[in-house]
Amino acid sequence: MAYSAEKLSEEKVFKDPVHRYIHVRDRVIWDLIGTKEFQRLRRIKQLGTTYLTFHGAEHSRFNHSLGVYEIIRRIVDGVFNGRPEWNSDERLLSLCAGLLHDLGHGPFSHSFEKVFDLDHEQFTQEILLGGTEVNQVLAKVASDFPKKVAEVIAKTYKNKLVVSLISSQIDADRMDYLQRDAYYTGVSYGHFDMERILRVMRPREDQVVFKQSGMHAVEDYIMSRYQMYWQVYFHPVTRSAEVVLTKILHRAKDLHEKSYSFKFDPFHFYSLFDGKVTLEDYLRLDEAVFLYYFQIWQDEEDEILSDLCRRFMNRNLFKYIEFDPAKEYKKLHELSSLFVKAGIDPEYYLVVDSSSDLPYDFYRPGEEEERLPIHLQLKNGDIRELSRLSEIVESVSGKRRTDHKLYFPEDMLMDDSVNHNIKQHIRELLEL
Amino acid sequence: MAYSAEKLSEEKVFKDPVHRYIHVRDRVIWDLIGTKEFQRLRRIKQLGTTYLTFHGAEHSRFNHSLGVYEIIRRIVDGVFNGRPEWNSDERLLSLCAGLLHDLGHGPFSHSFEKVFDLDHEQFTQEILLGGTEVNQVLAKVASDFPKKVAEVIAKTYKNKLVVSLISSQIDADRMDYLQRDAYYTGVSYGHFDMERILRVMRPREDQVVFKQSGMHAVEDYIMSRYQMYWQVYFHPVTRSAEVVLTKILHRAKDLHEKSYSFKFDPFHFYSLFDGKVTLEDYLRLDEAVFLYYFQIWQDEEDEILSDLCRRFMNRNLFKYIEFDPAKEYKKLHELSSLFVKAGIDPEYYLVVDSSSDLPYDFYRPGEEEERLPIHLQLKNGDIRELSRLSEIVESVSGKRRTDHKLYFPEDMLMDDSVNHNIKQHIRELLEL
Amino acid sequence: MAYSAEKLSEEKVFKDPVHRYIHVRDRVIWDLIGTKEFQRLRRIKQLGTTYLTFHGAEHSRFNHSLGVYEIIRRIVDGVFNGRPEWNSDERLLSLCAGLLHDLGHGPFSHSFEKVFDLDHEQFTQEILLGGTEVNQVLAKVASDFPKKVAEVIAKTYKNKLVVSLISSQIDADRMDYLQRDAYYTGVSYGHFDMERILRVMRPREDQVVFKQSGMHAVEDYIMSRYQMYWQVYFHPVTRSAEVVLTKILHRAKDLHEKSYSFKFDPFHFYSLFDGKVTLEDYLRLDEAVFLYYFQIWQDEEDEILSDLCRRFMNRNLFKYIEFDPAKEYKKLHELSSLFVKAGIDPEYYLVVDSSSDLPYDFYRPGEEEERLPIHLQLKNGDIRELSRLSEIVESVSGKRRTDHKLYFPEDMLMDDSVNHNIKQHIRELLEL
Amino acid sequence: MAYSAEKLSEEKVFKDPVHRYIHVRDRVIWDLIGTKEFQRLRRIKQLGTTYLTFHGAEHSRFNHSLGVYEIIRRIVDGVFNGRPEWNSDERLLSLCAGLLHDLGHGPFSHSFEKVFDLDHEQFTQEILLGGTEVNQVLAKVASDFPKKVAEVIAKTYKNKLVVSLISSQIDADRMDYLQRDAYYTGVSYGHFDMERILRVMRPREDQVVFKQSGMHAVEDYIMSRYQMYWQVYFHPVTRSAEVVLTKILHRAKDLHEKSYSFKFDPFHFYSLFDGKVTLEDYLRLDEAVFLYYFQIWQDEEDEILSDLCRRFMNRNLFKYIEFDPAKEYKKLHELSSLFVKAGIDPEYYLVVDSSSDLPYDFYRPGEEEERLPIHLQLKNGDIRELSRLSEIVESVSGKRRTDHKLYFPEDMLMDDSVNHNIKQHIRELLEL
């Protein structure tokens, strides 16, 4: 029997709190889950530093990846199965792309990618196409299969319907993470009737569409997404942890560039510092490795590095105030000067962070980051873009909301033993 | 105002998926949560290697410790508050003991303690009484307060009612972990009506008792506990991971004792290997540190160490069969000899593991591990031991159930390239 | 001890699926629940005919009334307790008003009130102030207490803060029914973080306000409300059942007025038909009485009455199409004539039904039905109307959405045995 | 196309709080749901008088019947589908039997059947086989199909595997009602992992068996059942309501037999009183009819009838004490005499009620009420009876537990205005 068609003698299941069970019958999926590159996702948290705000959010990307696979399985084996618009040859491809879409994520991706100028999507491609166990499994399906999976994830695959299953404004990826992140954090947002959404999904030429009768479930999903962004993903305390983390990596890199002599060789980081990361180097990185270094760097002689590491490890994060960088740049400049005078390096200790989200976007061709709009299918078969039919979605669509905050270590500013007057001045400016 | 009576200007809450919110008003509790020893619990998983069986079980002891605190808070500020049998001076002590009871847990405690002959309870005592941030906070309450907290946790405190809140067969610790572990694993066991149990709790001279009207809720709790033990805690795959983990630590220690030269100095382990761990050493240990070493040991030259580490990291665990060591010791001996002949070291690759549980025990004074029985309070005020009134509990009480398994690396036995006949013989004995 | 201050020797609880438990300590509340007027609410469904669309929605107003009481209890004994803006003398009044606010509801209120030109709020007042068991209990508190409770429910009580607890755009009434109706129907809308909303509620001079930090929970509540209205309360099938029900009552009244001789005296209805209902008559009405008559009227000789009753009892409801009465009045006229020709009385069998909702409204003084806006309290103590701070709420506020449908008995139009051509013409107009 | 194979053009769903959705594709099932006999189940509560104890338990048998159908649908279309042991010709038969198994239930069945010596199973048979809409639909499938459905429900059908789906100790009926009743009452019992139980179900020659790997889920189900029986189904307050209800019917029958002249003709009851109920009479009965009569009987001149009706309508039930009829028959006799002397008719006001349950039973051939035991299937294919493998089930199996209570109207005994001394004596005997 062709490897692509091989079934396990008995279905395997994973107990999952969100979908109850994850079901696996395909040998290919089972083998992919067993690869070391996929198992590595157990050591990368789904929500980075969010666990420092919501203590329940300790779940990994492994967890989420199985969930995305399961949703796609339910779509392709359930609602799509047997419909003429759906080519069942794309089934396994869709399942693999769903399972593997996050494969390239690094530890604490957000800060990590920013400091080292990396892109997890790039690494996902390399893992799929490089000399990995994942590649070996995929290549057993067909020699061009790894490339196809890579294309689906990169959104360049010719059949956009398959792409839209994992990369649209309402895809399996988002449906899983909203529910999963809500479950683990314990917030009451993130609930929507996925069961109903799955039931009204219909395959069309270039994309998934939704029967109009399910519009309210889709609205509810959009609102869940909106609330999760502002209540969980952009939580100011989580961003404070990201700021501290970013500054740790930044400082370590700076020290390396200045030929600082670490007490203990951070050899896992050399290729990162030097911008020459190989796939092999990359796959060795996980959050345990990072936390290990943060642990030992607490004892480094460099005071900034050791202070920032202690802050991260012991959750002694930066405080924040609302801050509009466009209007208050003079104040920022002034604060920066005062920090220098107070002996607190503003490069590490005075940070503006901005978050912004577009809850829903209709299609604007030619824009940098094109986001596929959501289309409803009317009873007569016609297609309408969601915001044209939903008042609620219309009200939030295309509106980018941005939140700016200024982060700083309040404790340092309260310690008046030195530079009493300068610190008092700073506190007045920050309205502490 | 006395530090012990200080309240936060506004109540702080932690969003918690199990109890909805954890509420903190006491300054002391807030300060304890902020200590580095308590924050360290974020880096120790509540269920050790269980996440390799139930992927959702990635939650930490930090998580659980807050939960135990919250349950005790609800008991002492709710049902106990104002009752003559309850001395409100014990309130803060109870809260602190609940919060801190797991403070001394090490990474993957179970295997860790076994290999290095350590006891997390001992370290809990040292952290409470030693030169730690936790000790500083507690000592601000009163000079003898750290000692009192330590006594409650060690079950030697004079007021056994306080002790029973965190150490009895139905205490805040167990009520939290059953629910929490069920929540994160996603299993349907672990549910019982805690709300009702809390409502029927009554303080008595030496212990907490339960109004008879709540007996069925208590029965349900006992059954939940029973099911969680056999379905989750003693799951054979989790035990396989524990076996591999134990053998990693075992091998590393052996190599150290044989003066093996590690590619990379495992300096975090030296004091462990030598049996001379200080409190400071101990507090540096967390699961990130362990995973870091397992990562790098994959590249060690010692084949056993590197193989076991690869197995753990990539979840390529041992297989198992049912095995009765009492009856089948000859077979074990024979297998052991065959393993040696096949070039597979049985010390690391042929392991009997036994789990056993006593779902509920009535009091048998003088026994080694005395377990406080559960007492019901009749309408007339009399007290009866639970199993005398509950048929279901009677049926399981005092009955120890044990499960034995034999673990081994099936893949190694399937590879027939060398020692074909010996491996075939082994497979026959194992009925593979 | 004053009756108003009497406590039960032991707290009583009702197991409730929405709030887990309803807690009662006050003797007054316990006595009110035991009155026959309150027990009558067990025989009035919370959602009228909705159970014919959502089979789970069989819960009664008794159910909901306890829930409203419980929410108010949590507010006044929890967050409000001890705050200077809150007068604890209003506590019992608030609890009673919450518990009794729906006391005057009749069977299938909506249709019932329309046909007989009654107002349940009027009857609530009469029950509170008339010669009832409820009045006796309330009068034991103080001679003016029944009047005070009646004023709170009628929104004329001088302390608007108390009024706002049960009659504002985010009150205990709405918070209970959204959650409860979602629970019983099983829909996934209706969830919001009530726990958080309760935590951020603050008493002010004239109303309850909400700390700005809870704005997102309030937004989520508004969206839940919006979805529940359109997905559940205005469901077109439920409205079809209401149409049939209304026409049954209408027909029976007409027949009575035409001195039709009922096979069986509908004596419960005489005072209704004649517009002379006494309080005593009214209290005898419940849904069992109505269903009893619908049952026996199936055998009446009048074909319209018996047909409509059979439709209701056997859930053979009217079908519907989208219909805009403003634009399509000519078509309606034409259809009406055709129905007459086809021998189908359009007064009973051709019905336009319109539903409309204003998801949220800011205050527009002087308007007929003034709806208290929701106010947020900023950190500095200032107050802002919700839609000024929330983009989402702004987008839906003040926008009335209306849905019109035309209802008719499709089966009658399909039966072509007589008036073949006319029915075909009708079907064409209705696009069947 | 054969009617039995007809599918709806689009799947219909019912939103269900327990199973999320009930799915209907078969035309036969859709038509059966639309019959008036099935719609009648909306007017019969699933749990009789339980709503007077647990206010949430207002759900109907309609609700439950859909749930049983859905579970069977999942079994036959899921796990059984395609297995050689399963004859797919039995699919529709199984679905119909599941849907219709409760069709013959009367209003408040328990008391109703007892007083009028009726049997709902008998009426289920008559409805299936008589001149009903249900019979018409079934007969369209095949002329012998109604009889087959009747046989499955009567457990006389030759293929015992089909019978066991709805009538065994772990069947679709019980799995639905345990979960459903727990959901509506809000109790925390009644949860078990049905998903898992369905997954391990296997068809065998004469019955459904369960893979041994699912034994713990089955144990959990048995314990749920046990708890639901004692916490919900046999709740002493519910039984008090049943006692009052039984006595109402009893009294009305007695009065009729004594030619009492009712103010208002209870014509629905005549054939019941006379023991000559026709199917047509029977189908007119529902709980609305009963409640209607209880309402008007409150105004009857007979004091016992009017008092009992007022008690039921206003939930002024009987109180109870523990009572062992075997040991205390002398006391009962004495009480009875004293009641007579006090002017309280003991036939209506002094009632012993006993409830008993056998949590699980292994097979004992030849016994009156044979209950099919639960069988587990070992890995090697062998079959073992559950209690031989499960310690917990063994502990409760075959043990009948009985609870006796003595019910009486406490208020009447407290009113000392007449017969002071006798009532005092009674109170002493009852230990009030």
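Which chain is which? They are A, B, C and D, in the order written, and residues in each are numbered from 1.
In this text, a contact is a pair of C-beta atoms (placed from the backbone, for glycine too) under 8 Å apart; a residue touches a chain by one contact, two chains touch by 3 or more.
If you're wondering where the values come from, they're calculated on a predicted model, not measured in any experiment.
Enquirer: Taking each chain's centre as the mean of its C-alpha atoms, which one ends up farthest from the centre of subunit C?
Expert: Centroid comparison gives B as the farthest chain from subunit C.
Enquirer: Rounded to the nearest 5 degrees, what is the angle of the rotation relating the C-alpha atoms of subunit A to those of subunit B?
Expert: 180
Enquirer: In angstrom, rounded to a whole number, how far apart do the mean CA points of subunit A and subunit B lie?
Expert: The mean C-alpha positions of subunit A and subunit B differ by 32 Å.
Enquirer: With centres defined as the mean C-alpha position, give me the subunit A-subunit D separation in Å.
Expert: About 52 Å separates the centre of subunit A from that of subunit D.
Enquirer: Which integer distance in Å separates the CA centroid of subunit B from that of subunit D?
Expert: Centre-to-centre distance between subunit B and subunit D: 44 Å.
Enquirer: Hunt down the residues of subunit D that sit against at least two other chains at once, touch-wise.
Expert: Where subunit D meets two or more other chains at a single residue, that happens at 20, 187.
Enquirer: Name, in rising order, each residue of subunit C that touches subunit A in their complex.
Expert: On the subunit C side, the touching residues are 187-189, 191-193, 195-196, 216-217, 219-220, 223, 226-227, 230-231, 391-392, 394-396, 399, 401.
Enquirer: Any idea which subunit A residues touch subunit B in the complex?
Expert: Residue positions touching the partner: 14-18, 20, 34-36, 39, 42-43, 51-52, 54-56, 58-60, 62-63, 66, 183-187, 284, 286-292, 295, 310, 313-316.
Enquirer: What residues of subunit D sit close enough to touch subunit A in their complex?
Expert: It comes out as residues 13, 20-21, 195, 199.
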